[in-house]
Amino acid sequence: MVDATVNALSGPRGPKPKKALSSTNIIIYGTLFVVCMYYLLPLYVMIVTSLKGMPEVRLGNIFGPPVEVTFQPWVKAWSEACTGINCEGLSRGFWNSVWILVPSVIISIAIASVSGYALANWRFKGSEVFFTILIFGAFIPYQVMIYPIVILLRESGEGITAVLKAFNPMLEAMGFEGFKTFRLMGSLSGLVIVHTIFGMPILTLLFRNYFTSVPEELFKAARVDGAGFWGIYFRIMLPMSLPIFVVAMILQITGIWNDFLFGVIYTKPETYPMTVQLNNIVNSVQGVKEYNVNMAATLLTGLVPLVIYFASGKLFVRGIAAGAVKG
Amino acid sequence: MTYSVEIKQLDLAFGAVKVLQGLDLNVSEGEFLVLLGSSGCGKSTLLNCIAGLLEITDGQIFIKGENVTWAEPSERGIGMVFQSYALYPQMTVKGNLSFGLKNAKIPKNEIEKRVARAAEILQIGPLLDRKPGALSGGQRQRVAIGRALVRDVDVFLFDEPLSNLDAKLRVDLRVELKRLHNQLQNTMIYVTHDQVEAMTLADRIAVMKGGAIMQLGSPDEIYNKPRNLYVADFIGSPSMNFIEGHLEGGRFKVDDMVMPMDGYAFAAPQTADRPATIGIRPEHVVTGELVPNAPLQFAVDVDLVEPMGSDTLVYAKLGQHPFRIRMDGQASVKVGETISIGVDPSRASLFDTATEDRL
Amino acid sequence: MAVTDTGQTKVRAKRPSRLFKNMAAKIAAIPMIFTALVVFVGCTLWTIYHSFTRSRLLPAPDKWVGLDNYERLWGENRWLISIENLAIYGLCSLVLSLTIGFVLAALLDRKIRFENTIRTIILYPFALSFVVTGLAWQWILNPELGLQNTVRNIGWESFTFDPLNNADIVIYGVLIAGIWQGSGFVMVLLLAGMRGIDEDVWKASRVEGIPAWKTYIFIVIPMMRPVFVTALVIISAGIIKVYDLVVAQTSGGPGIASEVPAKYVIEKMFQAQNLGLGFAASTMMLLSVLVVLIPWAYLEFGGKKNG
Amino acid sequence: MKLTTKLLAATAMVAASSVSAVELEVTHWWTSGGEAAAVSEFAKAFDATEHTWLDGAIAGSGGTARPIIISRILGGDPMHATQLNHGRQAEELVEAGLMLDLTDVAEAGGWADVVNPSRLLDGCTLDGKIYCVPVNIHSPQWLWLSHDAFEKAGVDVPADWFAFVEAAPALRDADVIPLAMGQQAWQTSLAFGAIMVAVGGTELYIDVLTNKNAEAAASEDMTKVFQAYADARSLSDGSNVQDWNQATNLVITGMAGGQIHGDWAQGEFQVAGQVAGEDYTCLPGLGVNEIIATGGDAFYFPKQDDPEIEAAQKELAALMISPEVQVAFNLKKGSLPIRGDVDLSAANDCMKKGLEILAAGNVLPDGVNAYSADTAGQLEDLMVEFWNDTSITVEDAQARYVGIIESAD
């Protein structure tokens, strides 16, 4: 399907509209214009609202451009907006999201690409069964698994703590400070694990399909040349699949950045990702709702995926289509 | 003597599907063996087993007398060339050639030496710093051969190496391969579905069908003395004419025709009477002024004529039986005409209709 | 030594153990196997089992109550409203996003100019999170200061469009935002499918003089059946998970008029401290996914073995 | 850590010998203006010790915050102290042994003698042990009225709920929403409780909410309550806000006539600089039955395995209930202190009304305490649904109400 989606970019196939100003053409371009307006409208409204002062917002013309442009709402949303007595604005959530994002993207892609590679080139007994379960797992509503994962994280946190603390007498004897309690639940590392787990089906599918499309003979040639599992992965497969890694990165960056559910359940206020903090800022009101600040905050949160989207262009399209469609 | 490659009772099954069964094959030192068959006959599978890319179910494989049944592909002393070239796209030609040597921890200067030698033999010196994407099909295939060459191995395995090339290039490279074999004198096992390649290249051909070797022999044997109906039908283009009839007292009878099989070399001296099938190659039929010299003569009705330039292929009817005749390109034959033809029974083949084996 | 210097000199003559065969691949696949077995299968079974127990704040595996939680669930108005909302939202967004997606794909497929720009515009909302989408539309649909007020200011005094504060139509307010966010994605899928169709089909229909719209309806759509089915499955799976959008846009309000099952589950589990009921509700969600998934899987993989 | 705190910590170390300075993370859902001001009083007082208050405010109502708090405690990542309504809510957590036993602190501080009404402490007690610190008394049954709004409408500020209902048409004519109401479930539920006390009387309230008497819930008196509640919802047409403080803000700005809400609404008036009696009026028990149900907030201290932290937790617990902190906190919060032995001369008009009622002993138990979170949630769902869906008849609603009470636990 990756190939089919490339078709999507290869150029139109339908009949060509006849003359430049035929009635069909007017209808087509007219419809598309209206459609584009509908899709652009909210972005436009968000931008103009975020640039207005509150008195102007209260005038009630959401479509009107700002009479007096002010960046105060942006400043406030970024560094001053309050949730409770914390008035650090969205910046904290932004950095939390970054700290969640970077390891999650790297780890999930590393694990999924190796899994996909093992599935495509090194099938073993039962590997297809695990893969099928994994793909079906992608359709299981998260709600079914959320609670047991809380328990899993807690128990493994305690297990790791027990292991670490076993070294404490030794470390203390050597004059070092002992290990503290290690927690997965509520910590960034816990959320990274959750993102890795739930990113696994789609990424593994993506990589498996890609590696399957790599000619098998290439793999055979490498084996004849004496390369093993990791040798072929790092020396042959990895260098020739950079595009698919970029696609996976786009997929994961937007997906993890936009996550709300896991952020709200598996973290705590200090480690809230940006989306959760955004919701808190907008829905935690001190007297009057400051719509301009809210919209600035909303835009700030949407900025990262938007930048990724506009910068990556066709790769984004390829990513979502490849991630969504079975190969 | 030790064979270069020796396969004993090889079984391969994917689940319940048996792909290869009880297969035995010996390849002598320096021999050029071609595995020939239509797709799905198991020829590539067998090659992959020899290379160690497929794990066999039962049996043993020896290379140079060493039991390599469970060895890794790189431990077997083989080099392999693939149909799709299978060059590593991100490496230069040089990188491609030296990848296997690096994996085997060969010293650097030795690598240089071997790469240079291979480049010289294959005349790909100027291409060493290019990436495969910048090469033509023929150049890629040379690099692929070079990759096997640098490994300095005893056995070369070719998996339909010329199939992806266009017709003209294929002929050129075929000739070059033959020359290479003459020069290197390595054992080569070569898989193809193209009988011309097989006939031109092979010291011996193994015709395969359904995971078994139908006939193993020199190109001449395969062509002139096919061991069964399948091989007879498979080799030769256009393929052999078959007519079902009876063998009675050393004569072949069909309808009201009787063909004395004088000069035919029977496999067994006293062959009992039985239903039999005669096979006559279209190119072994003579026409025109040569007919009177032929031991057997018939008259056939011409159905269709296909002029092919060098030859003319005539579709005719011998009694009720369709019969193809390859004639000279200059022959002028018209549809509806009745012509006389001559056949030499010593060049024909006779098969037992029931067992399909050569009589 | 028979084997050349490129190979190692040590050659295994014995068959290696099956377990250790392919060992590196097996080790590398451990995270995947863990995810598949422990998380996807294990956690799901755990939840299903506990949906039959009287678990409140803490899981109580020993307090078996049979179908009590399910009885309570289906007797509860809030759940019924959630299901009804999901049905309305699901059906409308399926029909609308497939229709809109197809029409847009067909329009974009007609060799128009600015195709890339238009596609970029239609798809960008998909890059945004549901929280951002919900908040943006919450603001646009704000009755005092948003769309309604603007239209009234222009002069249409009686104009009323206030879905977020009207319990009867609030789910359509959510739907508008949902369609805005997701229809571009459906368009891309369908466009990819459309371009996967052999171009000779278009040549043939032009030779026979069939009008374009007829070609789309009678030839292109039937040929795109697999793409439609895939899109359907993906949209459905997404619909059942709808949570953030509702939380951000309406918080389930006014009242409980825009509640959805996903939100119901989270709230029963973590807020009302009735884990058992939450598990029962999430098991129902799982069931509804299976209702979509199993026929699809049967159709897709029924004949052939390999995915 | 700042240098001053370090110095403080150093001196405290000498004074308190073995106690070293720690940071305590405290979660709560007090995020509105008045609430945030109140909670910073706790923080200030605690920071004045050698320890540090790490604020973990969770935005949204208790409904949003509780799941986060509970999942963290259950998930093995407990905060050091947290707000939770006492009563049934935390019962299972205590039973599971996840909460710190504060009995020794309570005995040292003589909580049993100072906490008034003593019922508040009962809510913190399980099997004779004390697990939480009640910090304030909240009574939900108040009617808040905007003087501005009634002036606009040209009618007197009503003295009770019934007068308010009569004045409503005049408010409508003046383009004022008579009754402000946030759309979150707990707010409509709270209003129902208030109307129940006012219209149905205390006996009915106790019978239904404390004794879980389904017959009483089916009685005719209860029908009247539902009727009055149905009338109230028609008064709130046009009040399209979600959060309670937004609704209060409608009253503060005179855009709405009144709001049925708890005494914490007072904090918002205070932040807006309004004066009770001049800018707004508060009517406990909706002015009908001058009686208040006493719920309140409490702090729990999830168990930690670090003795230093445990010592600091106990210190915070003792601090929260100390007289000075109680006064400072409650004045900002608009709630009543949990001890009768403090000086509240600084309290405003509304608070004094509450104190008087409290002193007179006209108190009711809070509905929250009697029901499990599960049942409370069901009741809230019913109330908010009824409030928002005018097609549900009074009879239907009552029938469903009876059903929930019957199966309550």
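Annotations
Order as written gives the chain letters A, B, C and D; numbering starts at 1 within each chain.
To be clear about the criterion, contacts are C-beta pairs under 8 Å (C-beta built on N, C-alpha and C of every residue); 3 or more make two chains touch, one makes a residue touch a chain.
Owing to the predicted nature of the structure, the values given are computational and were not obtained by experimental measurement.
Graph distance from chain B to chain D, where chains that touch are one step apart, equals 2. Counting C-beta pairs in contact across A-B and across A-C shows that the higher total falls to A-C.
Each chain's centre was taken as the mean of its CA atoms, and the one lying most distant from chain A is B. Averaged C-alpha coordinates give centres for chain A and chain B that are 55 Å from one another. One finds 16 Å separating the Cα centroids of chain A and chain C.
Per-chain Cα centroids separate chain A from chain D by 39 Å. Of all residues in chain A, those touching 2 or more other chains are 226, 265, 283, listed in ascending order.
Counting only residues that touch two or more partner chains, chain B has 74, 100, 104, 151.
Residues of chain D found to touch two or more other chains are 67-68, 71, 74, 242. Those residues of chain A lying in contact with chain C across their complex are 1, 4-5, 7-8, 10-17, 28-29, 31-32, 35-36, 38-43, 45-46, 49, 57-58, 60-63, 111-112, 114-115, 117-119, 122, 124-125, 127-128, 130-149, 151-152, 196-197, 200, 204, 226, 228-230, 254, 257-261, 265, 275-276, 278-279, 282-283, 291, 294-295, 298, 301-302, 305-306, 308-310, 313, 316-317, 320-321, 324-327.
Those residues of chain C lying in contact with chain D across their complex are 56-58, 76-78, 81, 143-144, 162, 164-165, 167, 251, 253-257, 266-274, 277. The part of chain B that touches chain A in the complex is made up of residues 48, 51-53, 72-74, 78-80, 82-90, 99-100, 103-104, 144, 147, 151, 159.
Chain A contributes residues 215, 217-218, 220-227, 231, 235-236, 239-240 to its touches with chain B in the complex.
Chain A contributes residues 82-86, 150, 153-155, 157-158, 181, 183, 185-187, 264-266, 268-270, 280-281, 283-289 to its touches with chain D in the complex.
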